[in-house]
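Both complexes shown next keep chain A, but they swap its partner, so chain B is in the first and chain C is in the second.
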Partner chain A sequence: MADSIFLLGLCLIPALSSVITALAPVRGIGKISTVLSGVLFVWALSHWGGADRYFSFPWFEALGLRYSLHLDSYSYLLILLSSLLGLLCSFYASWAVKDKAKAYHSLFHALQASIIACLLAEDLLFFYVFFEAMLIPMFFLIGIWGGKNRLYATMKFFLYTFAGSLFMLIGLLSLYVIYYQQTGEWTASFPVLRDYFSQFPIAFSTEKWIFLSFVLAFAIKVPLFPFHTWLPDAHTEAPTAGSVILAGILLKIGTYGLMRFALPLFPESAMAFATPLCVLSVLGIVVGAIVAWRQVDMKRLIAYSSVSHLGFVTLGIFSMTEIGWNGAYLQMLSHGITTGALFFLVGFIYDQRHSREIEAYGGLAHKAPIFVVFFVVSSLSSVGLPGLNGFVGEFLILLGSFQSVLVDPFWVVVATTGVILSAIYTLHLIQKICYGEVKREAVGVVDFGRREWLLYSPLVLLMFSIGLYPSWVMDSIYETTSLIFSMMPEAVR
Partner chain B sequence: MIETDLLAEFWRDSQVAFPVWSWALSAVIILSLQIVGVRRGVSVGAVGLCLLGMIVYAIWSFDPALNESLYFGSVNWDPLAQSLNGLALVISLGVYLMSLPGLFSDSKLFRLNYHQYPEFLTCLLLSGFGIAVAVSAVDLTSFFLGFEALSIGTYAMCGFFRSQIRSTEAALKYLFVGAFATVVFLWGIAMLYGATGSTGYADIAATIAVGPEPLVLLACIFITAGLAFKFALIPFHFYAPEVYDGAPTPVTAFMATAMKVAVVGAGIRLFWGVLGDLSHLWLPMWLALCVLSILVANVWALQQRSLKKLFAFSSISHAGYIGLALLVADPSGSEWPLFPVLSYITIYSLMSLGLFALVTWMENRDEVFLIEDLRAYARKNLGRSLLLAVFIAGMAGFPPFAGFVIKLMVFQALIAQGYVGVALLAVVGSIIGAIYYLRLLVSIFMSSEESGAASGWSGMLDRLYSIRLVVGLTVLVTCIGGLFPNVFADRIFGVLGRSSVNTEISRDSSE
Partner chain C sequence: MTNDIDSIFAVLSGVAVLLPLLGAGLWFWLCPRLGEKLTGYAASSFLGISFLCTLILFFKVDSFVQLEFARWISVGPSNLASFSVLLDPLSLALGLVVTGVGALIHIYSVGYMHGDPGFGRFFSYLNLFVVAMLILIWSDNLLGIFLGWEGVGLCSYLLISFWNKDLANAQAGKKAFIVNRIGDFGFLIAMFCLYRAFGTLNIPELLVLVREGGLADWQLEYSLWACLGLVLGAAGKSAQIPLFVWLPDAMAGPTPVSALIHAATMVTAGVYLVCRLQGLFLLHPQVLELVAYMGGATAFFAATIAIFQFDIKKVLAYSTISQLGLMFLAVGLNAPVAAYFHLITHAFFKALLFLGAGSVIHGMHHEQDMRKMGGLRKKMPLSFWTMTIGVLAIAGIPPLSGFVSKDEILLMTKLADRPWLYGLGLATALMTAFYMGRLWFMTFFGRTRSDHEVHESPANMTAVLVVLASLSAVAGVINWPRAWGGSEWLSSYFGDLVYQGSVDSQVSWGSLLMKVGIAVAGLGLAWWKYRAFVGGDDFRSSSFRLFKGKYFIDEIYDFLFVRNLRRAGELCWRVVDQGMIDGSLHLLGRLANSVALRFKRLQTGVLQAYVLWVWIGIIVLLFGAWSLGS
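Showing the complex of A and B:
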């Protein structure tokens, strides 16, 4: 009972918030929305350290589909991050978004609801529904509040992801039908399918296609090189809070899907395709980093750095080692915190000067010293400086990949150069905009006020706390990872 | 004495088949009222009462166990016929409600023809009669008669806005092309008769396997072509965009939905009931037509400028999905073969009704409704824009709306029957479709250019709140159907029952 109330609350609080903000008066909508996000965050936080929770409710009995929810630490930490970023985004939007604010907040909460439902889903089709449903609010968020080229970006974003996920739908339905044909029962429940197919595996010739359809959908979402081309456009054009949630959570749904569904369901295919997928990840790391170096737009630079950092995550996942997975999961969280912070910081100066051109800024250290401190800390966390959160994940991923039999050490060495490259482009960015002469756009930048302190300090605190004492999040990740690996066949372990 | 027996049987059958001929009875009542010379409003109200009464009767008399061959084996009154007849009633009620503003001279729906509005409704009722016959027919003659009654009423309704050249053009085009289709249809029927020496489905099914194969193949081709015409499958669709565009919008709604209901009912009986053993003859043709419709119609829709033509192409592609669902309604192949096709047609019909009701409400009948007219419509009228967005998302099949659930069922049925390749092609069609649906949303909500013409239109005067009623109810269906599909799935299951589905197909009853 307590479980069902808690889990339904997680899904329904943002859904109701969406309705409330749509109906509430325009005056003070930002405050209302922030309070509602705060309620969600507190609700989510109250679970800290708790055991797994389950809930199930019939959705479509005729096809054996249910609203099955399962909360474990993999889903919980992302939900917690999502609600924290959601709170910060609402807070930020309460002053930054003035045009059609009600619609903005309403869509934002709807997005939050579908993200949480997606992360909780245990039924594959239920997961799929929300995997796609979250595209609709994001489509509007980018398309209405985005930058100049927003229509192109939002169409590209929607169609790319929609196309990938529809192929996954076919794969998913094939799996569901195969289960029916073998057992005479309709179900898309993940644990049932996993247990069954680990005992009676599907023929590899079929399984590989199903696996690849899943990988395609998630690879587009992550995005894995070479499916990443939608990301820079979407990130650059999205409004600040949209970029934050996109980088912070939406991309992670892709890697989450791989860890939660694709690999545990098809370990054999995963082993077979791990090597090429690792190579793609490494290429993503290097190409993303090199392209990021050449960018003139700050948001685009951060977007490409996301491609690079998520390449590390997928490398860790496809290394198929427990250490790699732990690192990958932590890197997902770190990247959400770090990149979220960076997008907020870019948003801070963009809102003042309406320019994101790197060349236009310079010498911000003179004009806005506190901003620069925050910016440098976040950037260094993105580089992976020891003592900050970015380091732990990347270190574990590289460790896992070196151990893995599936990845040639050569590629891991190549991936390591990604760390160096990221130092190059990040320091380049810091040097250009923070130091040197005070350039034209930098002249009018006003430094942090009280609300900015409030907004940015939680993220920076998290960066230090994870960097200095990772165990407080790592312990629960370890447990879930080893649980997932214990259910995989011997060959993987 | 034989004659009294016949009469007694006729009388008994007529009691069972009351839902069928009550359509015609209502039409006669309305015509009589017109002759007597009551006020327009009274006869229009009477139509509403008749439709409501028929719906109540259909629900009250519904009997999933009923499976009776009536009128000397020409119609079969079974759960399939009952449920599709019920759907036709709901559609007709919807069309009636959305055309109600036509009662008033200033509503612009039919302009000068408003005083003939009761005649329009008579045509609607007679078309409905055609559907009821078509979905219950188990004889080639009654099958043909049903379709003719349906078509003739629809021709007349298409041209009802006589003072407007587009409407007249639509009616004429539809009439000529429809007449041609009828001939093709009839030809196929004649060949089937030639091959088997009978027009009754049960007899045909019993003898067809031994009939001469080439003749049966030709019959299959012509009948498939005739049905594809009515269904507007590519390449038999070419009349549809123009006719949909020119006809008064409530009639467009009727054509996009009711016509498909009739084809679904007749198609299930004919394809699976009579020609089920010969599926190798017609199945590839039908499959090709459906896949072609899904792919090509979506590509063509990308290039449309007129909103109603766009929705016409969208309905052609939906016809493709319905066709696929019908294709996998193989009674030997799955546990509940009719479930996908019936769910699809029901949900699709309700969504289309709502969409066209909304268009009726928004449009300015004097001009073609262009897509660019919708530019920045949300700025002027957010409520209608949101409603439109729900219908568009539903039609495009984006979760969590009902349109997704029905597509899901079709994909699932296709894969279960081994048509994975077809499912992949259907998915490609959906992706192409998403482009134009998204473009609509972009233009309504995100356009930064100056507002299109639609923002300036006052729209239809909806004095009786009838259009709003249709839109409101169908929006609810579109949302609830997606979030809680159990609600409608239970209804359809309740109607058909997992086990009773097989028995209602006349092939089994003939055995």
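Showing the complex of A and C:
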């Protein structure tokens, strides 16, 4: 009972928030929205340290479809991060978004609701539905509140991810039908399908196509090289909060889907395709990094750095080692915190000067020293400096994949050059905007006030706490990872 | 913590590390309230306490103590790294140097940084640096070392680009960080290999596994790659060929930083690392050989550049690279005690030389060009006399410390029977004496060549110079050769912690005389050429262009790596991303669009046409069903 109340609360609070913000008066909408996000965050936080929770409700019994939810550490930590970033985004938007504020907040909560529903879903069809549903509020958030080139970006984002998901739908339906053909029962429940197909595997010639259809959908979402070109456009054009939630959570649904569904369902295919997928991840790391270095737009630079960082995550996942998976999951959280912070910080400047051009700034260290402290710490976390959060995940991913039997250590060595390249583009950005003489756009920048302190310090605290004592999140990640691996075939373990 | 004495050690080492860490967090905020003097001396006293703690540990720790404070990175039951300390002669000796010299340089900085708007920030960074350095040398596992390793790199970056309004300084900081990251890349690979081969990153455990032997071929192969990775890491941090290019630029930072980080402590981390993991390296003598040649080549090569520099700090920077090369030479030839000995004496006399140069620069109102100095011995007597001791020490005049330690390295090279390396060592010694003499005469002798109102530095700076000068003079006693009636205390202190290749047997007066002769010759040559230096270019002939251009290494690297990487970035962005990937996506979009345009024509709105299409559809379906059925 407690389980169902908690889980339904997680889904319904943001959904209701969306309705409330749509109906509430315009005056004070920012405050109302922030309080509602706060309620969700506290609700989510109350579960901290708790055991797994389940909820299941029949929906269309004849077709075996149930509204079943499962909360374990993989879904929980992302939900917690999502609700934290959501709170900060609402807070930020309460002063930054003035145009059509009600619609903005309402759509934002709707986005939050679909994210959480997606992360909780245990029924594949429901997962699919919310996986697609997330696109709609995001489509409007970019399309209405975005930058100059927002229409192109939002269409590209929408069509690209949508097209990818359709492949997954085909794969998913084939799985559904194959199960029916073999057992005479309909179900889309993930644990049932996983247990059944681990005993009676599908022929590899068929399985590989289903696997690839899942991987394609998730790879576009992550995005894995070479499916990444929608991301820089979407990030650059999205409003600040949109970029934060996009980098912080939406991309992670892709890697989450790989870890939760694609690989546990099809371990044989995953092993067969490990090398090409790892190579694509490594290419993503390297190409993302060197392209990031050449960018003239701050948000585009950070967007490409996301491509590079998520290459690490997928490398950890596809190389199929427990250490690598733990690192990959931690890196998902870290990237959400760090890149979220970076997008907030760029937003802080952009909202003052309305320019994202790197060359236009300079000497911020003399105009806005507190901002620069936060910016440098966040950047160093992105570089993977030990002691900050980015290092732990990155290190474990590389250490894990180096031990993997599925991928040649050579590729891991190539991936490790990412630590050099990330230093190059990040320090380039710091130098250009923070150091040197105060340039034209930087002249008018005002430093942090009290609300900025409130907004940015939780993220920086998280960077240090994960970097210095990762166990407080790692221990629960480890439980889920080892559970998933215990169900994988012997060869993987 | 098993017993009381261990918990005392834990408290001492904890205080030694955490107190400066606290300081790093404080000074930045407190300086405006406390004022310069109080902030500076508080920061110095924090380090003083840190030094005292280390000193007690040094006297009380009996050979080996390993303490764990907290887990750091662990995956389930397997703990990869802890916050823990490994206290033994190797780490304690270096700990004393770091905190001791560190404290002195803090005191000096109070004078040097006087009036700087970033005063508090400076002391925060400096405290933080000492913390990172202590973590580096005291950690008992490679990940912990890596934490300190990157931490000192960060502080180095922050301090080089301290005066970041000038973009050149920011550029230099960035270069240092990136070049160091290339080394760190090697370090990371080494950790992956070692974990694969031995399943642990804990150094004592690792060394036990290595010592037990019986390693499989694949384990040996991975440990070979690990050693090579570590050498790359060490070359980055200790500015050896091919990664030395960042150190000369690092002189953009304030001079106390150059003394502490880029001469006395951080840059010796590579030497420390190889000594610490000597057991591992002994599995692969060919890698040690590589280290020896790398060191010898660096020593020689950097010395040839130092001769042609006019910036007083650049001379000292290349000299540091050269001296570090000598240490690597010793490490590579299995003479870690000699390397360590030189590391310690070098920390004293090079810190002294940098601080003396800093005092000169301070007195000359931030003039660093030696051509504009001259005749300063009368105006800055204390700086002159202390620096003289430093110059004589590094040049190798007995009985000053530099002579004893350098002599030991040269002796080891000779005993190891490497005539080439021995020759490189002797040539380096000659050039060292020459360029140091050049620096000395150009700065302190001859006519004054500037219109600056020169003044001697304040007492807190000169006092530090005096302390360091005395240390540089007498530090040789810590490993004074038995042959000359010494006790070789350092050797016996290390005991069998490290393996010494060839052991010094007896003193050869001939070779001793030769080495003194070399030092005197170098200084004499400098006296002959520079005693009455009048300014201008001392090596006018165009045949010196190669040396003056520092062999154009920066330009070559820029041409080979930086430009190509930039080009690759542009290529991947414009051609791959925008051209190929987005191009094909747009093509797909256009295709869909044009198909849609064609089919649009079917929507004519004429009912008869729709009925026709329905009929065609039915016929096709029936035909299909029939053909499938038959």
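In this section, the second predicted complex is superposed on the first by the 493 of 493 C-alpha atoms of A that agree within 3 Å, B and C clash if a C-alpha of one lies under 4 Å from a C-alpha of the other, contacts with A are read in each partner's own complex, and residues count from 1 in each chain.
As a convention for this text, a residue touches a chain if its C-beta (ideal position, glycine included) is under 8 Å from a C-beta of that chain, and two chains touch if they have at least 3 such contacts.
Here the structure is a predicted model, which means the values were calculated and not measured.
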Partner touching more residues of chain A, whether chain B or chain C: C
Contacts of A:398 with chain B and chain C, given as first, second, both or neither: second
First (chain B), second (chain C), both or neither touched by A:478: second
First, second, both or neither for A:424, with chain B first and chain C second: second
Touched partner set for A:174, first chain B, second chain C, both or neither: first
Partner chain(s) touched by A:487 [first = chain B, second = chain C, both, neither]: neither
Touched partner set for A:15, first chain B, second chain C, both or neither: neither
Contacts of A:358 with chain B and chain C, given as first, second, both or neither: neither
Where chain A meets both chain C and chain B, residue numbers: 159
List of chain C residues in touch with chain A within their complex: 70-76, 80, 143, 146-147, 150-151, 154, 157, 161, 164-167, 170-171, 174, 177-178, 181-182, 184-185, 188-189, 191-193, 195-196, 565-566, 568-570, 572-573, 576-578, 581-582, 585, 589
Residue numbers on chain A that touch chain C, as the complex places them: 156, 159-160, 226, 228-229, 287, 290-291, 293-295, 322-323, 326, 363, 365-366, 380, 385-387, 392, 395-396, 398-399, 402-403, 409, 412-413, 416-417, 419-420, 423-424, 427-428, 431, 434-437, 468-471, 474-475, 478, 482
Of all residues in chain B, those that touch chain A in their complex: 336, 339, 393, 398-400, 404-405, 408-409, 411-412, 415-416, 420, 423-424, 427, 430-431, 434-435, 438-439, 441-442, 445-446, 484-486, 489-490, 493
Complex interface listing, chain A residues touching chain B: 58-63, 125, 128-130, 132-133, 135-136, 139-140, 143-144, 150-151, 154-155, 158-159, 162-163, 166-167, 169-170, 173-174, 176-177, 180-181
